[in-house]
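Paired with chain B in one complex and with chain C in the other, chain A is shared by the two complexes that follow.
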Partner chain A sequence: MRPLSLLALLLGAAVVLLPFFWMVSLSLKPADEIFSARVDLLPSRLAWENYATAFTEVPLARFLMNGVIVCGGILVFQVVFAVPCAYALAQRRFPGRTLLFGLVLAGLLVPFHVTAIPIFLGLAELRLLNTYTALIVPFVASVFGIFLFRQFFAAMPAELFEAARVDGLSETAIVWRIAFPLAWPAATAFAVFSVTAHWNDLFWPLIATSDPALATPPRGIVYFRDAEAGDDVGPLMAASVVVTTPLIAGFLLAQRRVTQGIATGGLKA
Partner chain B sequence: MRLSRTARERATDLWLAGPATLAMIGLIFAPVAIVAVLSFTDYQFGALTFRWIGWENYATLFTDPIGRKAVTNTLIYVAVVIPFAMGLALVVALGLHNLAARFPRISATLRAAYFLPVAATLVAMALAWQMLLHPSIGLVNQTLGGLGLPAPDWLSDRGLVIYTLAAIGIWQSVGYNMVLFLAGLAAIPPDLYEAAEVDGATKGWERFWTVTWPMLGPTTLFVAVITATQAFRVFETVATLTRGGPAFASDTLVYALYREGFEYFKAGYASAITMVFFVVMVALTLAQFRVLERRVHYR
Partner chain C sequence: MIELDGVTRRFGATPVLHGISLAVPEGSFTSILGPSGCGKSTTLRIMAGLDRPNEGRVRLNGADVTEATASERNVAMVFQSYALYPHLTVAENIALPLAMRQFSRLERLAGVGRLMPGAGAKRAAISARVREVAAMLGLDDLLERKPAALSGGQKQRVAVGRALVRDPSIFLLDEPLSNLDARLRVQMRAELAALQARTGRAFVYVTHDQVEAMAMSDHVVVMMSGRIAQVGAPRDLYERPATRAVAAFIGAHPINLLDVTLGASGACSLLPKLRVPGAAGARVTLGLRPEHLVPAAAGLSARLERVEYLGAEAVVHARLDDGTPLRALAPGDWAPPAPGGALSLAVAPERVHLFDAETGARLPAAAERVAA
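For the complex of A and B:
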């Protein structure tokens, strides 16, 4: 029984890994081998030129940079908005606090897709479509971030912040110099969640931009796929490998954190 | 003096919580209200005026052949993805859980392999699938052809395409569900198995039905809801591989909302699609909250 189930698990894993294997294999195959009638699992020689072509045929480096700008911009703004609000919700008493927390919970019910049409209308009105702003601004209010940080801050002892107040620190200083550094585990979990979601997103970049110079990585490879006439499979797969590698590498490095995060709360609202 | 102090405190609260509140209202709640209103109009992007048309957009979605296709395709997709993405994840999790006792390293490596699709960029992987399933140069059809088996046109056969997309959806979500099941399995106290053995449940499947399955109940429910929420959102693979085609055979709710709204600029109709999608998502998320609460309660 044991060897049989191990065999089944290995076979299953092989099936799961097949698209990855095929993507990497094609990305390293010379064109004539890709289009030959006889299919080989591995390239006969490593055609690294596919990678060079991918970077010259389309502005792949630009796509990657756009991905970094957009994901970085979104993450920074999300944190700047969410952390002070979460701190106020967890450690301060003010009228409307319960209502505000209710809004945060209600916000968790709203997938981004639902807000796309009015946000598109608003950005069009402000003539902001086809800008980095259009790619970043719709996501700056992360209710998930506020919720996550609030739970974390609520578990911290109030005396800690009381002591800081006695020492003459302003509330803003307490938020950024005491509360935020202590919430580092929440911040990493949130960063993983946010960056993965926005690096991989195709929905909003497809709507908010039509300028290839602003394409994020997934949008960029779709441009590439649509532009090539079917004869650039090798470079296209090379571009796909390049786009997906940063997240895979990040996952393999932070594997335990990521899986623990998912297991403890269904991270991914 | 006291009054000015409270005023100062209120100003601090406003400074801390105000920006996020405004952003939340402007980017989440106001848009939801606007979508709800637009769904009862015939508004088109760029138009200067609009008319109130009541429930007409909703009626179109559920009676027009194309609208109905989006609804039924989404339901088929979800109905296929949920059982397979859960069943396979459970089988894999059970296997890896048992394996971990004897070969922890192999188990951990396999776990990472099964999780890889979750971490990968779906659009890039969709392109990899496209090449794998390519009718002439794809590995799948070349292998099938080599074995003398029929080689179907996975992504352009009208009867097949939604199932092909569902298969990719399953491939993508098994790893995530597996992680949740593994956590559920790890939380089962080992003495329950000992007790079951004393009671005569010695065979593997007896132990599964008397201990594992009942104890996994809350996890299973949670996984079901999460899988459903993810499946209802299917967009990336449709947009990358089929654009809802051929002949709307793989059209889904979110893709229809994208196409009607942002390619045909029918904002009113797209808003109605959005609202239908929204109602389903709210129901599922509320279920998720309740399940999560129960899960915590059990501990």
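For the complex of A and C:
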């Protein structure tokens, strides 16, 4: 039984990893090998020039920096808003709390694409399109973040927060000095979800910005698609590798915390 | 001192406290004693400001603090679960209440406070105070540890240290010893009482363990189903319990309660030496403590069921001739008859408690016992 399940897992992993492997392989192949009729898993020689081209043909470094600014901005605001909300929903008694939490849960059901058009029109009205603000503001309130943190805080003993109140901490101080540091696993899990989603998002940057200087990494990669000259596959794949690597590295570093955070948050991944 | 005045608390439609009025004098060690669910923890939480009464007032040193939050009242509390902050070291746990108070003072100076030259000195003062408290509680070597690396007794000390570090007007303790093993509990009991004497502050100590309450307190408040049943010194509670329920609750060995009907002259057929004038024909409950009921040559005639030998003493389980079970206490060297054998149990009339069989209230007539 054990070798069988191991084999199944290995096969599954291979299927998942194949596109990544292919991306890395293509990014290192010389141009003439990419369009050969044969399928060669490995390049005959390592064509590092694809990477040089990727960085010179388009401002890839700029795209990466935009990605950091946008994802960082979104994450910071999401945490700043979600953590106090979640604390209030989990550890404070007030009228309408259940209803409010119900609304948060309902909010989980609404896909972003439904609200995209009104948000776009609103930003246009405010003349905020083509700004970092347009890329960040629609995402600062995360119902998923509120939900994840709420589940985490609800599992914490109420006596801990009561002790803090007796010790003279205000509710705001309790949120940031007691609740948030204890919610690190949840925060890490949430950060991974948030950064992955927004780093990879092409839909909203495509709608909200047209200025290449504001392009996020996936938006920037699109610039390799050139209707006249055809796709420049080698550098495109090299850029894709560069864009994906930070996420993979980040996930590997945070892996244990993420599993822990999701397990404690009462969610099943 | 802290005073409750007609405090009523309802959870939804369920009343938990029925108009509690209570004053904890300055410098006293007051226990709130009662079975679980009697409202003693709710009372303590209302004192702390963690819960609000539906009716009634709370006064702290004369000032009305009914609507004040826990952080606005200068009270310290030790929780049953200790409630240490798991992400902070022992030193940081103890320092937090002090640091918070200092910060709020600095914040009143509109943020410039942190840059002021006094800040470093204050930090040094806090750390000196933390070390002082740690030394008092024997926590010197543990200051850099996280709570997860501490034993139950050590966590308990840290929780006490955190309460002790600032100078609160009152200490509130919610069953702080119930998670410790028996030996440690006895030791901490003595340490807490000594600590209270040293600080000279009022301690309010909630417990369901009558031994703890009796051993440590100046005053015991016995609570039963949301009402105060009796307030008094431990000795009052033991010697003159106000109700049958209090009598049943206080005492290391559960009291024997016998329902009897008094004779025409107020005499009791069971105990000929006892007479209650003016209560002829009344239904009363006799309360006989096992330690006052000893095997003797003459007395209540009973049959021995079994003996629990405890060393210094032996608990005697017997039945009266009408089948009523009775517990008595004999000295450890007492030679019991064979099980089923007859024995006599004697009680001094002044040791007998009398309660109204209907209301459970102590009968004042009980004082007028006459020797036959």
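Please note the rule applied: the second predicted complex is superposed on the first by the 218 of 269 C-alpha atoms of A that agree within 3 Å, B and C clash if a C-alpha of one lies under 4 Å from a C-alpha of the other, contacts with A are read in each partner's own complex, and residues count from 1 in each chain.
One rule holds for everything that comes next: a contact is a pair of C-beta atoms (placed from the backbone, for glycine too) under 8 Å apart; a residue touches a chain by one contact, two chains touch by 3 or more.
Computed from a predicted structure; not experimentally measured.
Set against each other, chain B and chain C differ in how many residues of chain A they touch, and the higher count belongs to B.
In the superposition on chain A, A:16 makes contact with chain B only, not with chain C. Residue contacts after overlaying the shared chain place A:4 against neither chain B nor chain C. Of the two partner chains placed by the overlay, only chain B lies in contact with A:221; chain C stays clear of it.
Under the contact criterion defined above, no residue of chain A touches both chain B in one complex and chain C in the other.
By the touch criterion stated above, chain C contacts chain A in their complex at residues 45, 48-50, 69-71, 75-77, 79-81, 83-87, 96-97, 100-101, 104, 162, 172.
Residues of chain A that touch chain B in their complex: 1, 5-6, 8-10, 12-13, 16-20, 22-23, 26, 34-35, 39, 41, 81-82, 84-85, 87-89, 92, 94, 100, 103-104, 106-111, 113-121, 124, 137-138, 140-141, 143, 146, 171-172, 175, 196, 199-200, 202-203, 206-207, 217-218, 221-222, 225, 233, 236-237, 239-241, 243-244, 247-248, 250-252, 255, 258-259, 262-266, 268. Against chain A, the residues of chain B that register as touching in their complex are 9-10, 12-13, 15-17, 19-21, 23-32, 34-35, 38, 45, 88, 92, 95-96, 98-99, 106, 110-117, 119-125, 127-129, 131-132, 137, 139, 142-143, 171, 174-176, 179-180, 182-183, 204, 222, 226, 233, 235-236, 239-240, 254, 257-258, 261-262, 267, 270-271, 274, 277-278, 281-282, 285-286, 288, 292. Contact residues on chain A toward chain C in their complex (touch as defined above): 157, 159-160, 162-170, 173, 177-178, 181-182.
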